[in-house]
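The letters A, B, C, D and E name the chains in turn, as written, and every chain counts its residues from 1.
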Amino acid sequence: GPNDGVTRLTLWAMGNEGAATPALLEEFHRLNPDVRVSVQALPWTAAHEKLLTAYAGDSLPDVSQVGNTWIAEMTAIGAATPVPADADDIVAGGFESVMETNRVGGRMMGAPWYVDTRLVFYRTDLLARAGYDAVPQDWAGWKRAMHAVKRTAGDGNYAILMPVNEFEQLLTFGLQTGEPLLRDNDSRGNFSSPAFVSALAFYKSLFDEGLAPTMSATQISNVWDEFSRGFFSFYFSGPWSVGDFRRRLSDAMQANWATVGVPGPDGPGASAPGGSSLIVFDSSPRKDAAWRLVRYLSQVDTQARFNALTGNLPAKVEAWAAAGIRSDDKLAPFEGQLERAVPVPKAPEWERVVTEMQVVAERMVRGEYTPETAGAEIDRRADRLLEKRRWMLDQGRAA
Amino acid sequence: MSAARTERAAWGFVSPALAAVGLFLVIPVFGALLLSLTDFDIYALADIRNMRFVGLDNYVNLLGNPLFWTAMRNTAWFAVLGVPATIVASLLAAVLLNSKMVKWRPIWRVAFFAPYVTTLVATAVVWRYLLHTRYGVINWVLDGFGIPPVDWLGQPETAIPAILIFAVWKLFGYSMLIFLAVLQTVPEELYEAARIDGAGPVKQFRHVTLPAIAPTVLLVSIISVATFFQLFAEPYVMTQGGPAQSTVTVLYFMYEEGFKWWNLGSASAVAFILFLCIFAITLVQLWVSRRLGSET
Amino acid sequence: MANVTLEGVRKNFGATEVIRGVDLTIEDGEFVVFVGPSGCGKSTLLRLIAGLEDLTGGDVLIGDRNVSGEAPADRGIAMVFQSYALYPHMTVRQNMGFGLKLAKTDKAEVDRRVNAAAEVLTITDLLDRKPKQLSGGQRQRVAIGRAIVREPQVFLFDEPLSNLDAALRVRMRYEFARLHGELKTTMIYVTHDQVEAMTLADRIVVLSAGRIEQVGAPMDLYEHPDNLFVAGFIGSPRMNFLTAEVVEASAGGAMVRTAAGEALTVAVDAARAKPGDPVTLGVRPEHLTLTGGDNALTARADFVETLGHATYAYLAHDAAADGITCQLPGDVRPKAGEALTVHVPRAQAHLFDADGQAFQRLA
Amino acid sequence: MKHALPKVLLNIAVALIGLIVLFPLAWMVSVSFMSAGEAATFPPPLLPAQPTLEHYRDLFANQGMGRYLWNSVALAGLATGLCLLVTVPAGYAFAKLSFTGRDRLFQMLVGAWVIPAQIGTLPLFLMLKQVGLVNTYAGALVPWLTSIFGLFLVRQYALSIPDEMLEAARVDGASERQIFTRVVLPTLQPILVTLALFVFVGSWNDFLWPLIILTDQSNYTLPVALATLSREHVQDIEMMMAGSVITVLPVLILFLALQRYYIRGMLAGSVKG
Amino acid sequence: MANVTLEGVRKNFGATEVIRGVDLTIEDGEFVVFVGPSGCGKSTLLRLIAGLEDLTGGDVLIGDRNVSGEAPADRGIAMVFQSYALYPHMTVRQNMGFGLKLAKTDKAEVDRRVNAAAEVLTITDLLDRKPKQLSGGQRQRVAIGRAIVREPQVFLFDEPLSNLDAALRVRMRYEFARLHGELKTTMIYVTHDQVEAMTLADRIVVLSAGRIEQVGAPMDLYEHPDNLFVAGFIGSPRMNFLTAEVVEASAGGAMVRTAAGEALTVAVDAARAKPGDPVTLGVRPEHLTLTGGDNALTARADFVETLGHATYAYLAHDAAADGITCQLPGDVRPKAGEALTVHVPRAQAHLFDADGQAFQRLA
């Protein structure tokens, strides 16, 4: 019954985490018999809108996993609460670029749970067949390698898979240029800067030159099968795919793939610090218990177990050793990539801006825009989206 | 006194329904009109002071928003291609099923109609796999005819036709029923008179069947236009608006604007434009049916 | 114009026999009416002649040509349907000319024929209207017009007046008589309305359950029905029937005793009957009188209806299961409950044997 | 005899259409019994090599399908009950009782009918938020209270009740309420079945509104859950087919059992789809 | 049982006056029939008596009690509707007992009354059926039974037989007469069927456009219609009317000249007429004969219908816009086109003045 002295918490978790968290919580329940957590799983593709809908409908959970790019938005609408001053230990010891994404107005709004960033998965055997024993670390070299792969891959196969409805690839290329993506206190787009246009041009050229199929993720029935069939040899993804590939690829195939940092314009490149944080919602009447849960989930040993369950990379550097990640040749490259990570702008509208960016980029790939006109178009769309933010800044209502 | 008594009872009977309609339909519609004149968004949801009255700005912005026009154009394509396809399919089915020579007609009638009652989301999921580029049954059949596989849902050029194949499959049974009902009102004697006049099957169709159902073709096309204007779940489930937003419909656009990005003001403006479109269609429909009514 | 001959015509729908062997010759120019109870096969027989149904057995000859295998359009017939079956989207002119157009008749000729038919039917000023804009009677005329322009050898009509109101029906009945007088084409007409049959027909064909019961001129059927069925079917109110037994019988007449014990004589040739045979005595309500003394029945009036122009008395009688109806002059007004003595005119009574076959009346 | 050839051709044509129409549904059922990954091969297999119930088990055991099924049943059932409760008396009154302003009100309802329901969704959401009905059954049921179509359907049918029958009841001394419950309702029974079926199927299949108003996964209806699942499990064809079967089957069975009533309602409502 | 009095009864529907002031007294136990053309207000008047419509003006008294404001159920009436209005979901027994049940009558008493009524109507073995399982006539009986169990003071019937076929109608007509004989309750009966009116009524009330035209016993109306309307309305076939002009007039008779020039004498009290007055001569088809020489019209037969029991001749005549119909004996069979001399019996002719009011007949 509801009056049995037990605090009931709801935790929203996305994708894999939704499935894995209940196991992680058994220990928590043992340690905290007065708290009971129920986990609800959301699909990633619907998570953002679900969070906003729940916020609009006053039906947010107590705690939720959120993509760490969304924290600024959750803060702006007043949904998130800052990590309590006396609970700094929860967030201590993380990667700096990731910590930065959780910081809004100088306060930590979320506790990094796991980190990820994207790097390149590739078929060592196919690369070798094409005459390469390592992935070149600059764009030009990388593209040459892709051409070589494409030539040897056989009809109907490609070098790289970059689903045209995913923005992460282009975003990564954009971040690698070093030029900020928004300007004027994040109130205007900066996508027509020559740097970003060059990223657009590189992105587009991979499709134009037949290296990447013009496909969206919904059309790939499953990635690992296609990967092992050689439909593509390079794949842009995060740590979760390591687990997937290990589980789903055949034993024979295990020796034939590896991961490597993303090549940059001229040398190893940056990528966006991804991953999820845990936030406690301001609407929750059970914040104490909620922070207890967050603290538990942030502990080094919990994170290590979490890694074992999901393959997710711990947010705390200390946990990397505990989980033995550094000795894992597939995961080790992530550490370097994370250290090179560059945070994305913290405007609450960012999610939408980046979605528009991808919409335009997809059309560019399909031939509607050149890189230059695409950059201008993204700016135009971004500026419209940021109009309200400019007004709010004028009114002093936004940071 | 008897009049007073029925009057009182009648109000008791109608007031719950009227209250519900007023509260949950009429007020929200006026609310939508008001909302469309504001920039109500997620910030306003947090703090109502963050809302501004912007007059017709939402409408003006929409007119300048390429995605809106994309949505309008896509929707128009859905209607322009879907309506004739639905009519041809349903008319063909109805004429076949109206023939006394066909066996098990009641069973076929129910079978053809069955897709209409199935859950759209579920059948959309099914069709997504039927339309799959590599493993889909449809490409397999095409393969049998030596046609190379088509990337149905992956290319902007084929995504609308692909969704339409599904939509027609789902919807044609309904129009078929209407046609069947009308065909059954064509008196048998008219066909016999035509036979005595020397008309063969083709002439009978041309001179007896077709004139009889002509008004219904119009009616069905109007109904179908309205239906195609309200496509939402099909793209939501099958393509999420892609590829390259080629399947974003007006309603899908409204949904994203409103419930994904929480720009309720702008979404309300979309809703109103959608309303005006459907309203115009319905006016035409009423006008047509009145015209037809007055002729009989 | 042509004669029509049916030879052993039979028709089954699935397992049910609907027409069970009909032989009939209709003379050139004759107006023949099919009557019979609902479902007896009148329409089916007509449609077999038209070619709208396939024969199960037998042959149909029109103008001495066997048309059994031919399409309706080739038989030289024209049909007018109960519901008129006008093409709703065509004008009257188009409706009437449609068959000719399909036959690729010359346009001037089509116009000529349509105009001529319209004149005959006085619908010339309706030619450009659509059927919807016409009254019931006008539609009926158009339907006939459509038949006329085909210049058929035989007209077929299936209850053409049954959709009209009573007043219009009387007028259109008159039109049919006039039309037949004018065109002199063979006409076959199906109806269930006695008055239509009696007033229009040269000969009436009475059908029952897919067989012909009797064929004859209207007054012949009224005065000399061959059997109980025809006797009961023709005439309104219905003929009264009394169960009786033969007392004496000869070629010059018969004496019978009703089940109630009354002895009555009937002027029929009863040579084939013998005393003791069960028979049915028939007498029409309009032939019964309260005057005339002998050859009478006595019965109690159950119920009397005074209508002014006539008085109907309904009598209970032991020999008549359905009672006896008397049609009396309007100024004769017996009271309900009164016992009446009803005179049965010898010369106007009918007598039927146990099989329902009539004895030949002498009158 | 002489119609033999066209007859055969016609029947073949109809059977062909039947095949096309029914194939997707049959395929859905067949694939739902295949083992994981079996359907993702070319050429696509039509029948499972080794029928298995694993996906159904998985859906109920791990994916919460039981909960969604229950939500769907409960919501569709409640929607049906409420809709009948509100629309039937009103439909009857508009057909058979005279009251001031009836015709004007009715015209206004006809006018309101023209409004696509989607327009009001945004403000309605905000209104329900104000009263705390977002993410509740009650919120999900609201649109079914405003079924003007149901009202019209009942009215249309009630018009055929002879006035004389109501007058007979008045002469018999029945109050208006008694007339409604004891004379009219039993007479309306066929249309009540039609309407109930209609609302049930409509609310079962409804997608947009539950998607918006039911934010909590534990409140999802089958279509919403299926749409969500299908985004997560694109690759699990067989499991998605099992989910589709669970979603479609109940309404399909209901429809097949009562198709006569359904089709009647469909034709009555053909003015607006 | 009670008398019914209408005092200045008026009823408007919106702006249209439907009943324009009706005063009428119906005696206790009387059988009164309302007739009149469609839309004249018969049903409305009956419903005003029942209390199903609110009065616009005037009063309704039943058994000397003013019931104008009372609910139908409290007026002591029972009504039988044209469509029977049986509750389709209830059995016959439930249908009949429904009103009593609503009035919370003791269950045993309900049963007793239902059984008694069922016995009177011989529907005892139908009591457990639903209306759908009954024939038209049986349904009609149940509807009457439902009225009987209420033990009303007045029975109201609105065209109770118009949904039945002709044969059944005759039988049910008889039932009504018997029922009235048995129950002796006041009955008010609306019909548009003349035969019903003539055979059932103690008195007929002829209505036209919301007003009473004449009230009287059936034969009174037939023989002495007050005006042209009643004369034309009562009797079938309709009375023939000829336009004429008075030549001579006195209390002992009148001589008129028809528009065609024939001089005819009529046995009416024409004291208030003077020569030259325009009048209408009326004579019923059944009173015209081909024998009888003087006082005759000559006319050409347009069309003749021989029906066996009677022959109808339709004559064209300059003074009769609608032609003249003659009902002749069945064995008299003139030919169409023949010129006939038709005798108008002086004593059976009617004469109406320019306002349509009848001159009193002397016979």
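Throughout what follows, contacts are C-beta pairs under 8 Å (C-beta built on N, C-alpha and C of every residue); 3 or more make two chains touch, one makes a residue touch a chain.
If you're wondering where the values come from, they're calculated on a predicted model, not measured in any experiment.
Common neighbours of chain C and chain D, by the contact definition above: B, E.
Between D-E and B-E, more C-beta contact pairs are found at D-E.
Centre-to-centre separation of chain A and chain D, using mean CA positions: 40 Å. Centres computed as Cα averages put chain B at a distance of 57 Å from chain C.
With centres set at the average Cα position, the gap from chain C to chain E is 32 Å. Within chain B, the positions touching two or more other chains are listed as 2-3, 5, 128, 134-135, 259.
Shared interface positions of chain D, defined as residues touching 2 or more other chains, are 40, 170, 212, 237.
In summary, the structure contains touching chain pairs A-B, A-D, B-C, B-D, B-E, C-E, D-E.
The residues of chain E lying in touch with chain D in their complex are 47, 50, 52, 71-74, 77-79, 81-83, 85-90, 98-99, 102-103, 146, 150. Those residues of chain A that touch chain B in the complex are listed here as 45, 48-49, 52-53, 55-56, 73, 76-79, 164-165, 214-216, 218-219, 221, 348, 352, 359, 362-363, 366, 368, 384, 388, 391-392, 397. Across the interface of their complex, chain D is touched by residues 2-3, 5-14, 16-18, 20-21, 24-29, 31-32, 34-35, 92-93, 96-97, 99, 101-103, 108-115, 117-123, 125-130, 134-137, 140, 143, 169, 173-174, 177-178, 181, 201, 219, 223-224, 226-227, 230, 232-233, 236-237, 251, 254-255, 258-259, 264, 267-268, 271-272, 274-275, 278-279, 282, 285, 289 of chain B. On the side of chain E, the complex with chain C involves touching residues 173-174, 177, 194-195, 198-199, 218-219, 222-223, 234-237, 284-286, 302-303, 305-310, 327, 330.
Only residues 1-3, 5 of chain B touch chain E when the two sit together in their complex.
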